[in-house]
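These are the structures in question, set out in turn.
Shared between the two complexes below is chain A, which pairs with chain B and chain C, respectively.
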Partner chain A sequence: MEAVIFFIAAIGAVGGAIGVVAARNPFYSVLALIAHLFSLAVLFLLLTSAFVAAAQVVVYAGAVMVLYVFVVAYVGSAQEAKWDPVPGQRLFAGLLAFFLFVEISAAVLSSGLRALSTHGPDVPAGFGDPAAIGNLLLEKFLVPFEASSVLLLIAAVGAIVLAGRKRQGEALGASK
Partner chain B sequence: MSGAGFAAPHVDYAATAPIIALTVGLVVILMSGVFETTKRWAPGLAVMTLAATAGLLLWHWNDQIDLIAGALRVDNLAISISLIAIVSAFSTILLSIRERAAEEAGQGEYYALLIGSVLGMVLLSEAENLVTFFVAIETLSIPLYILCATNLRREGSLESGLKYLIVGSLGSATLLYGMAFIYGGTGSTDFAGIAHGIQANGMLHDPLILIGIALAAVGLAFKTSIAPFHQWTPDVYQGAPTPITNFMAVATKAAAFAVFVRFFVVALGPETGDWQLGLAILAAISIVVGNVGAIGQDSLKRLLGYSGVAQAGYMLGGIVVASEKGLSSLVFYLAAYLFMNLAAFAVIVARERETPYGDDIRGVRGLMAERPSLAWPLTISMLALAGLPATAGFIGKLYLIEALVEGSYTWLAVFIAVGTMISLAYYLRVVAAMWMGGEETAAGTSAAPGATPVISGASPEADPVDPEAGRRWYLLAPAVIAAGITVFLGVIPQPLVDFATHAGSSLF
Partner chain C sequence: MNINWYIVLSALLFTIGATGILVRRSPMVILLCLELMLNAGNLALVAFSREVGNQQGQVFALVVMVIAACEVVVGLGLIVAIFRRKLPLDVDDLRRLHG
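Let's look at the complex of A and B:
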């Protein structure tokens, strides 16, 4: 049963990812991304990480995707350039991606990790539930947790600086 | 319920005081930006924050403390790198006085972002856990993305910020990918736990760990602008406001190298034999690409960007040998690089405001006749970056080469020597432009005063011409003092050698 769900979710994830890059219409790209993120959430569930799966759906498939949709609707599907900005870029990028794929496959397949081809490690009860993650954030990872709050503050300040920039530019344009 | 087992970690407030000081300073500066009257205090508050942090850091000199469940470690390496970042930020505050970018971003926001970046650097140099490492590197980078774009009326500035954002995010993603492999293979996020896991799980030379190391090295190479991951460097350096370029060039490199060496020596210590050669090759490529790329650059900031790529290659040599001597020479070189670069950037800021040429090499033509007090610091800086004797740059390269030879990487030492010779070509070109080519050459190439010269990356209306900028204390003092220290350390290097040796002894 687990294996069946895994393959359905895995195919969904890969298919969604391909859809994101392959779709011509940005809206379809965003929809494909949602499918991709949902499939990932299912994979997280299979790894007994209920909290991460929920966060994935709420934060990414929910909040972040709404932002994406807004941006796409706001900017509109402007005609994108059909030509490569750098000659041979697509071929080169494809080759690089292929080599990275081969490299990572080789690394994973030839790894000496013992649990790779088994059903996976036996996790203790309560592993990955919100309480356990909350404990981790406030015990082991207290510093990164606090630092992230400063990071968010800085990011908010940065957003205001850049938004203020546009206002000033408009004021400048109006005064001309 | 697992929540019942919550045990708050022990927090050593004395040792976390520098970080707390920076955070408090950041918030206070941000709040000072709210009112018209307190706005002007922002630079002063930033200086006070930095001074307090430096004092609190020095208080822990020679301590070795693991903090808060092994997230941070205060030792001499972390303290010395943090001090380099703080001095660099202090000089940036001086250079930012009357800088357009600071006005346009808002004083409070500009300096708060600067302090935020310093906070990231202090955290990064102390990090000994993968999660802290990643959050710190983002805390360092995100303010810089914004600061690069703060020069509102220059198109290059926004381009620079966007380019840095995209390339920086790519670097972060690569780094994170590498971290995931390393965590997957070892089952630990602590640096010491990773080293233990590599041995205990039989993961030594395992492809999974090796690809993790490779991806992490690439991610860090993006941050330290090591070739072939350096393409963003010249563009971003040129487009960013010059004081910010000064900060990025030194402080970012210092903090990234600190975590580079801590991660590779402490966490990946068992794999030393596997990563040494790879990093050595990166260093060699960086030295060649940086030095060759700098030849023929007309923009001084681009020139210093390429020179920074080459210098990063030299410094990477200190990590390659994975020895106490190598680490000491790395810290020595970073400290020397701070002063060498500062002297150059202070002069560039002054000339940007004085002349209509921006950071073009024409701006310094005939400088020796016009403003000897600016020409001397730039001359000393260029000669020191090239590594001429009686400057800190020479001693720094000497130590690096010595460490490389002792660590049996003589071929990389040869690369440094050859790179130094190539670098003379472009450093001396700047010196020659200053000492020769007086008014007549300048008149031959430039349009009439007040006209709009077409120079890429610089538009005259963006930078108000302040004909007296070269005499302002806040530009003259950093240039002269930095040049003075560069020469002083070249003649009497012992104080800095002691400083660097203490830092080097903290990992080995």
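Let's look at the complex of A and C:
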């Protein structure tokens, strides 16, 4: 049963990822990424990390993707040029991706980590649920937790400054 | 399912994201492909945390999510700023800093 769910979710994740890369229209890329994120949440559930899965759905597929949809709707979906600026760019990109995949897989599978070919140890019932993660975040990882909240605040302010209204005298700046 | 499968799946997703960054030219799609790569990293982190039976890897994954959200916010702000200045939304045309 677990294997069936894993393969369905894995096919969904890989299909969504390919959809992101292959779709011509950015709007369809965003929709494919949402499908990808939901499949990943299922995989997280299989790995007994309920809180990360919930955060994935609520934060990523919920909030971040809405931001993307707004910006795509605002900017409009411009079509990309079909020609390669560098001759053979697609070919080289494909080759590089293939070798990268082979290299990462070989590095992981030939590593000495023997527990990789097991299910992992048996874990207690509360493994990865919100209470356990919350305890870790507020006790052991309190400083990184606060630092990431400050980082989010800085990013929000930065986005407002970047995308805010044009100031006087800044109207041009177009390069062509 | 063995943890191996999750790790290989994460490697596959990472390479798909890397390919997207190499072949696409719209900055928005490049940001989406960055998300793919970050999520592949997240999957590996959670899989390794399951492998050792320790929840600290999941905290790492949550921090990666925060970083991804920050990156999205700043990147989309840049895209909106580029669009408002009527510059082309194409990373091959935006090459004034190209040496």
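Convention: the second predicted complex is superposed on the first by the 163 of 176 C-alpha atoms of A that agree within 3 Å, B and C clash if a C-alpha of one lies under 4 Å from a C-alpha of the other, contacts with A are read in each partner's own complex, and residues count from 1 in each chain.
In this section, a residue touches a chain if its C-beta (ideal position, glycine included) is under 8 Å from a C-beta of that chain, and two chains touch if they have at least 3 such contacts.
Bear in mind the structure is a predicted one, so any value in this text is a computation, not a measurement.
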Next on the checklist: In the overlaid three-chain picture, which partner chain does A:L151 touch, first (chain B) or second (chain C), both, or neither?
Outcome noted: both
Checklist entry - Between chain B (first) and chain C (second), which does A:L46 come into contact with in this model arrangement: first, second, both, or neither? => result second
Checklist entry - Now for A:L162: first (chain B), second (chain C), both, or neither, which partner does it touch? => result both
Next on the checklist: Let me test your reading of the model: by the given contact rule, A:G88 touches which partner, first (chain B), second (chain C), both or neither?
Outcome noted: neither
Checklist entry - Where does A:V59 make contact in the superposed view: on chain B (first), on chain C (second), on both, or on neither? => result second
Checklist entry - Is A:V143 touching the first partner chain B, the second partner chain C, both, or neither of them? => result first
Next on the checklist: Tell me which partner touches more residues of chain A in the superposed arrangement, chain B or chain C.
Outcome noted: C
Next on the checklist: Per the contact definition in the header, classify A:A131: touching chain B only (first), chain C only (second), both, or neither.
Outcome noted: first
Item to check | Partner chain(s) touched by A:V108 [first = chain B, second = chain C, both, neither] | outcome: both
Item to check | Partner chain in contact with A:L33 - chain B first, chain C second, else both or neither | outcome: second
Next on the checklist: Per the definitions at the top, what is the overlap between the chain A residues touching chain B and those touching chain C?
Outcome noted: 104, 108, 113, 132, 140-141, 144, 148, 151, 154-155, 158, 160-162
Checklist entry - Which of the residues in chain A come into contact with chain B in the complex? => result 103-104, 106-108, 110-113, 126, 129, 131-132, 134-135, 138-144, 147-148, 150-151, 153-155, 157-158, 160-162, 164-165, 168-169
Checklist entry - Of all residues in chain A, which touch chain C in the complex? => result 2-3, 6, 10, 13-14, 17-18, 20-21, 26, 29-30, 33, 36-37, 40, 43-44, 46-49, 51-52, 55-56, 59-60, 63-64, 67-68, 71-72, 74-75, 78, 80-81, 85, 89-90, 92-94, 96-98, 100-101, 104-105, 108-109, 113, 115-123, 127-128, 132-133, 136-137, 140-141, 144, 148, 151-152, 154-156, 158-163, 166, 173-176
Checklist outcome for this item: Residue positions on chain C within touch of chain A in the complex are 1-9, 11-20, 22-26, 28-29, 31-33, 35-36, 39, 42-43, 46-47, 49-53, 55-56, 58-59, 61-63, 65-74, 76-81, 83-90, 92, 96
Next on the checklist: So in the complex, the part of chain B that touches chain A is made up of which residues?
Outcome noted: 1-3, 5-9, 11, 23, 26-27, 30, 67-72, 104-106, 109-110, 112-113, 116, 119, 123, 129, 131-132, 134-136, 138-139, 142-143, 145-146, 149-150, 152, 181, 184-185, 201-203, 206-208, 210-211
